[in-house]
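Naming follows writing order (A, B, C and D), and every chain is counted from residue 1.
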Amino acid sequence: AGVLTIGRREDSTTFDPIKTAQNIDNWVFSNVYDVLVRVDKTGTKLEPGLAESWTTSDDGLTYTFKIRDARFSDGTPLTAEDAVFSLLRIRDDEGSLWSDSYKVIDTAVATDPRTLTIKLKNPSAPFLSTLALPNASVISKAGMESLGADAYAERPIASGAFIVEEWRRGDRIILKKNPNFWQADRVKLDGVEWISVPDDNTRMLNVEAGELDAAIFVPFSRVEELKKDPNLNVLTDPSTREDHLLINHAHGDLGKREVRQALDMAIDKRAIVDAVTFGQGTIANSYIPRGALYHYADNLQRPYDPEKAKQMLADAGVSNLTLTYLLRAGDEVDEQTAVLIQQQLAKAGITANLQKVDPSQEWDMTVNGDYDISVNYWTNDILDPDQKTTFVLGHDSNNNYMTNYKSDAVKGLVAKARQELDPAKRAQMYFDLQKMAKQDVNWIDLYYSPYINVARKNVENFYQNPLGRFFLEDTVKNQ
Amino acid sequence: MSASVLSVRDLTVKAHLDSGVRVLLDAVSLDLAKGEILGLVGESGSGKSLFCRSLVRLLPSSRLTIETGIVLLEGRDLTAVTDAEMLSVRGREIGMIFQNPTSHLDPVMRIGDQIAEGIRYHQDLNARDARAAAVEILAQVGFPDPVRHFDSYPHEFSGGMRQRAMIGVALSCNPKILIADEPTTALDVTIQAQILNLLMDLRDKRGLSIILITHDLGIVAQTCDRIAVMRNGRLLEEGPKRAILSHPKDPYTINLIHSHPSMPEIGVSAGSETVRSTGALKPLLEVDDLHVRFPSVGRLFKGAAGKAVSAVSGVSLIIMPGETVGIVGESGSGKSTLARAVLGLTPISSGHVSFDGIDLAQQRRAGLAKLRRETAMVFQDPFNALNPRLTIGQTLAEVLTVQATVAKLDIPARIGELLDLVGLDREFAHRKPRSMSGGQCQRAGIARALAVNPKMIVADECVAALDVTIQAQIIGLFRDLAAKMDLTLIFIAHDLATVRRLCTRTVVMYRGEVVEEGPSEEVFSRPKHAYTAALIAAIPDIDPDKPRLKGVEPKPGEPIQTIKRMP
Amino acid sequence: MSVDTLSSGSAGWRTIFSKHLMLVTGAGILLFFVLLATSAPVLAPYDPILQNGDARLQAPSLLHPFGTDNFGRDVLSRVIWGTRIDLQIALIGVAFPFLIGTAVGTIAGFFGGIVDALFMRLVDIILAFPFLVLMLSIIAILGPGLGSFYIAMALVGWVSYARLIRAQMLVLKNSDYAVAAVSLGFSRMRIMFRHLLPNAIAGSIVFAMSDAVLVLLSGAAVSYLGLGVQPPLAEWGVMVAEGQSFITTAWWITLFPGLSIVCLAFGFSMLGDALGERLGVGE
Amino acid sequence: MHRYRFVLTRPLQFLPVIFGISVITFILVRLIPGDPARNLLGSRATPTAIANIRAQYGLDQPMWLQYLYFLKNLADGEMGKSILYKIDVLRLIVTRIEPTVALVASSVILSILIAMPMAAIAARNAGKAPDHAVRIVSTFGIGFPPFWLGLMLIILFSVELGLLPVSGYGATIGDKLAHLILPSLTVALSLSTVLTRSLRAAMIESLKSDVATAARARGMPEHIVFWRHVVPNSLVPTVNLLAVNIGWLIGGSVVVESVFAIPGMGQLLVRAIFSRDYMVVQGVAMVFACATVLVNFVADIVTVAIDPRVRL
């Protein structure tokens, strides 16, 4: 019982799931909408959502879903027709930011109100995982058509645990329990309020003062202190966040693998974990985060050895290496990391000139390749490693995630792994990919860090799965 | 004479400054009888205002203190009463009117409210009765439409009306004694006469006792019963006005009386000098049908915007080389505008000005260049006419450098000469205006004008702000210069007596037009125009037995006049 | 030396001091910071950007009088080195607006007419233009850092000076001594810059002092939005902004740079007040 | 009411200002490097998706054409659509206006409430201890960075004492007022010092003025002299100073809004700039500009009302 108030940095931008790519929106979608296939709490398995069960044809091209007996928040029944509408919309609507990910769908038809049949253009191992994206949430066809997209984006008709009761823009989203949710018995809370409190300190103080029940994005620096407060629980839930140092392979000496390896050795990840994450993070050894599907725990880790790094640079014929370190303004953690790395590189005789620019421009500059090195991070939003691997190693349109890394062997393997349907074989392929990437130093893995949230002691079962989803269905607020 | 309402004994005021203690009032003793007007005269800084302010214990700064002495008001010693008691003395017993009504009236409060304020406070009346009483007072001090004027703000009045309002405010508390601190210095002679008449009326009707501060002996002669003369904080002499005026004892008083403009001077009379102009000479300055109009500002509500104010309309003048011409007229009659237009400092709207044969409209560049080289102007306000950041030497040197008529090396010598010429010590070259007195600054200003080696000098009310004694010196200086250097002088003043003494020819202006022009003697002795006659008649004569003409009452709806602010 | 002269001498000194108290305090504080800035390499006990993983977040002690920050950098040394940057910010952040504003105000006020009308419209626009949009845009265009900050300050800040000077010029150009200068055939340049400007500028000088405080605070606000100077440079605003996360655990990280801003601001204000009284501004 | 005639004519002068601002903002935001489409799509951006969005919002058109569209929209009373929020900019702004207005208004009122008595005490005791105290307090008060001050106030009043809400805006009027106390105090602590200094100087001047002397000379006790003559005559310069500062506050409210999580326009603006949501930046800039112009307009009216000599 009770209404759970949660503080976060920013307010949502829309409730139209296909028109946003921001976590800030997606995380609330998961409270409001339901998807055909869900990712479980551990973030490693798919489980039934609106699709009660599904079957795959042997060629991996046809998926048949049995739709559950569920209803939308306005009481109308949810049918396979709605699912078709939603999938075709995300694929075809001109406002959709996600159409590329769903182009693989050839046809989607409702063979009967309870049966959805999807035909793919080619086999795709990660396809099911994509259906778990909050952006592919099932929307009410009738609702969308009667309200119009704009009004729907304000107060959607959905089938999740909660209903959007009121949206005070810039301030908060007020959710109320959805009595028509097919798992309504599971939901303990009367409602949820997502409240935007942009200043990190203020957000924490709100929880300390008891004005908020919980707050997300706890800065690393505050963890120890909050832990000392007897009224609070600091929750560190495993995430798929992985921070790395991008290297622009197209820039001069950075094209040499030995130079990149030297860079890797010149960076003391332990020190970063200690100083920047205040010990909350763990050293990263692969681009696939620990705990995520196909993570390779035994992957190579280069020891911190500035002397050796110096030697390697000399061997590679590189002296006085001077790099432009592109830095995103306004991010405390990034700035701290930059300051540390700058000093570490200096020990190996490498000069890093920090260039701080605002986030949007930083993004532009990395995409355009106007940088030498730059820290960035990735969090998975689907369970399958294919999405990230394709972006990072698959030589897609992004120049391998802005690094200009080129390796045909890796590229081939990425494509193969996508179509391999045997989990065991796939696992091996991804292990190999992780080894190859590490060998080539496509980028430098820095650290994994958990989601850190804080809640008051009377809040139970408030947790975030590794893909960022909050399972508020199970959350309890005791008086 | 009846018993005195106010008697002051040995009043001493000292200033405790960082530089030491200065005695500002030195044991001044005075009596004021009931229904009497006492004239307090003396040069600037002699302590007249201070004396009056100490009577009501309103000293201008906390560093000034009344050291000894008593002020007896009907038996009470005002130096000893409490502050609270003093509140009921101020206003109710002793009212004050000040020299500058513009700065003493609250600009953001209606005139009527300022009068009613005192009434309500001192007489405990409610708002409505206070208003009625205030309207009554407005009528008494001569407002033609008191009900309407109650709601006017001070800035909507002419200077004369503001001074009337100021008197109204002082009367509002029905005082027994009125102190008038130079109530007319800022006003035209004609308005001055009205105000003085008003004061005398009030004395007669209400039996007020009045202390009238002034530096104009003429006013005293015409209005007061007794005279007290102050200098350097000391009372020099005191007595019935006729006694003082006819038999002054103190040398200062004698000097004061003799330098009064209305005293006919023995020997020197401008009129006796022959006018040197002959038909053969070319005129130096020709003004033909000159018009100067200003776009009217800030009067949007009266007619359409953009309607112009005609400051000078249709003036024609011819000035011969070596002439000394006086221009007189009341404030706002266009004297300064004419002078500035003639010197090319104000654009002219139509008409012609030619200087030494060059028409300014046709050959603007050449004409201006010639004007700048051969003419100079002396300004009314001695302090504002000099750049406060430059020493007198720098000021003069700059002129000499820019004009480039003197070799660089000779500049210091020339500066010395100029200072000698205007009678300033050579060490003044190193002084800045702020450390100099008004008269000294005025001399520096004249030196600057002379530095140009001008053929013609235009002096715009250059003595109005000065003491009579200093005034006389400066006029003497001009006279000498004109004689020695063959200068052409245009001398602007609203003080007719000064012009009469200095100028060979007089031009009278009224509302932008020349109404009369001719040899000074003739203009003054046989004025042809009624306005000239009124102007001349309004000068208070130092002879108490020469009656003054009553001032002209302001007509309702007359345009508001510009008020001259004295520094 | 007799006791008498000694005491009178010190009394004289004391009166001079109390009379000029504000001037002395203001100038003294500024002088102190200038000295701090110039001798930073000598005075600062540590390298301001040197990190020490073993000495992180240490409370003030003899070793580190102002404590250390989250990288183990010595806060005292950073505050001392920060003096250089912040004085520079106050100085340059005021100098450009001052110069531009003075020039524009002088010209607009002196010439009047169309020049002035155009200028007034421009002033209207800049005054109404949201400062933040301009500041953030310029920083976004040119990249964060002092250069962009100065440019943004100059683009906006000149308006105040120009308005002050213009208002003065409008009055002064009609003053008798200006008219006298014209009648003496002085050139416009000479009249504008030798005669009028020196008399018009006092108000701006006083305003510049309080403006310096505003500039410092704008700098701090920009740091709060994360667009301050490039790390690891020590600058007080950035130090306060970054130290916010530790405000309840390591108060010393924010307190000392914060106090430094306040003190410097105090010095500027004092000096401004004293100059204002001295130069007779507002009379 | 001739004195107020400018009320009718002045608004015409706003047009060129507003027009100038629209041009400048338009150009300025587009000069900023960075791409709204790419920003919106985040790390999963693909070229086709980017091109798609650019076309949708007309970003692929030439600049002058975009500007004409912008003007046309303005004439229709619209401001285009937000790229980030996908709704009409005007609607978006309307949802965010009230908190900013409330914040600015309450800050200004609080500042006046603080400044008035402080200045009065200082001026009436000029040169004495209370005056020095006020001067020192107000000289110090200027130097505090507002974000630091705000946080300190929260820690003191909300966390330690539990008297006031930490942050946010509230729904009912009483709730809103409670939420506004700390943020407006933060602003007022620095704004009031500026006002105090200006008022104090004007009052001291005015206390020495002839007007005050004249009032004393007619026996008015000091409190009447002060409140009826000195205060009204001291207000004009402060009103104008206040107007300039309100202009700054309106445009600079972001720091306080952000510290206190007030869902106002400042926050909207910053997020819009950072995500290159051009239409929103333009819209907010226009609204800020209009507000500033309006505030100055009101200040002019107040000035005329206080001082009958002033003509505009």
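Convention: a contact is a pair of C-beta atoms (placed from the backbone, for glycine too) under 8 Å apart; a residue touches a chain by one contact, two chains touch by 3 or more.
These numbers come from a predicted model, not from an experiment.
Student: Taking contact as defined at the start, I'd like the list of chains shared as neighbours by subunit C and subunit D.
Tutor: Touching subunit C and subunit D alike, sorted by label: A, B.
Student: Would you mind telling me which chain pair, B-C or B-D, is linked by more contacting C-beta pairs?
Tutor: Of B-C and B-D, it is B-D that has more C-beta pairs in contact.
Student: Could you pull out the chain whose C-alpha mean position is farthest off from that of subunit D?
Tutor: It is B.
Student: With centres defined from CA atoms, tell me which chain sits nearest the overall protein centre.
Tutor: D
Student: Hey, how far is the Cα centre of subunit B from the one of subunit D, in Å?
Tutor: 49
Student: Roughly how far is subunit A from subunit D, centre to centre by C-alpha average, rounded to an integer in Å?
Tutor: Distance between chain centres, rounded to whole Å: 39 Å.
Student: Based only on mean CA positions, could you tell me how far subunit A sits from subunit B in angstrom?
Tutor: Subunit A and subunit B have C-alpha centres separated by 86 Å.
Student: Give the residues of subunit A that touch two or more other chains, as numbers and ranges in rising order.
Tutor: 201, 330, 358, 360-361 - these are the residues of subunit A that touch more than one other chain.
Student: Can you list the subunit C residues in contact with two or more other chains?
Tutor: Within subunit C, the residues that touch at least two other chains are 136, 140, 225, 244, 247-248.
Student: Note the residues in subunit D that touch 2 or more other chains, in rising order.
Tutor: 32-34, 147, 151, 155, 258
Student: Report the complete set of touching chain pairs.
Tutor: A-C, A-D, B-C, B-D, C-D
Student: Under the stated contact criterion, what part of subunit D meets subunit C in this complex?
Tutor: Result: residues 13, 16-18, 20-21, 24-25, 28-29, 31-34, 135, 139-140, 142-148, 151, 155, 190, 201, 205, 244, 247-248, 250-252, 254-255, 258, 266, 269-270, 273, 281, 284-285, 288-290, 292-293, 296 of subunit D touch subunit C.
Student: Would you pull the subunit B residues touching subunit C in the complex into a rising list?
Tutor: 18, 340, 343, 345, 369, 371-373, 375-377, 379-381, 384-389, 398-399, 402-403, 445, 448, 452
Student: Would you tell me which residues of subunit D are touching subunit A in their complex?
Tutor: Those in contact with subunit A are residues 32-35, 38-49, 52-53, 56, 84-87, 92, 95-96, 99, 147, 151, 154-155, 158-159, 162, 165-169, 258-261, 263-264, 267-268, 271, 274-276.
Student: Quick one: in the complex, what on subunit C touches subunit D?
Tutor: Residue list for subunit C touching subunit D: 121-122, 124-125, 127-134, 136-137, 140-141, 210, 213, 216-217, 220-221, 224-225, 237, 240-241, 244, 247-248, 254, 258, 261-266, 269-270, 273, 282-283.
Student: Taking the touch rule as given, give the residues of subunit C at its contact with subunit B in the complex, in rising order.
Tutor: Against subunit B, the touching part of subunit C is residues 15, 19, 175-177, 179-187, 190, 194-195, 198-199.
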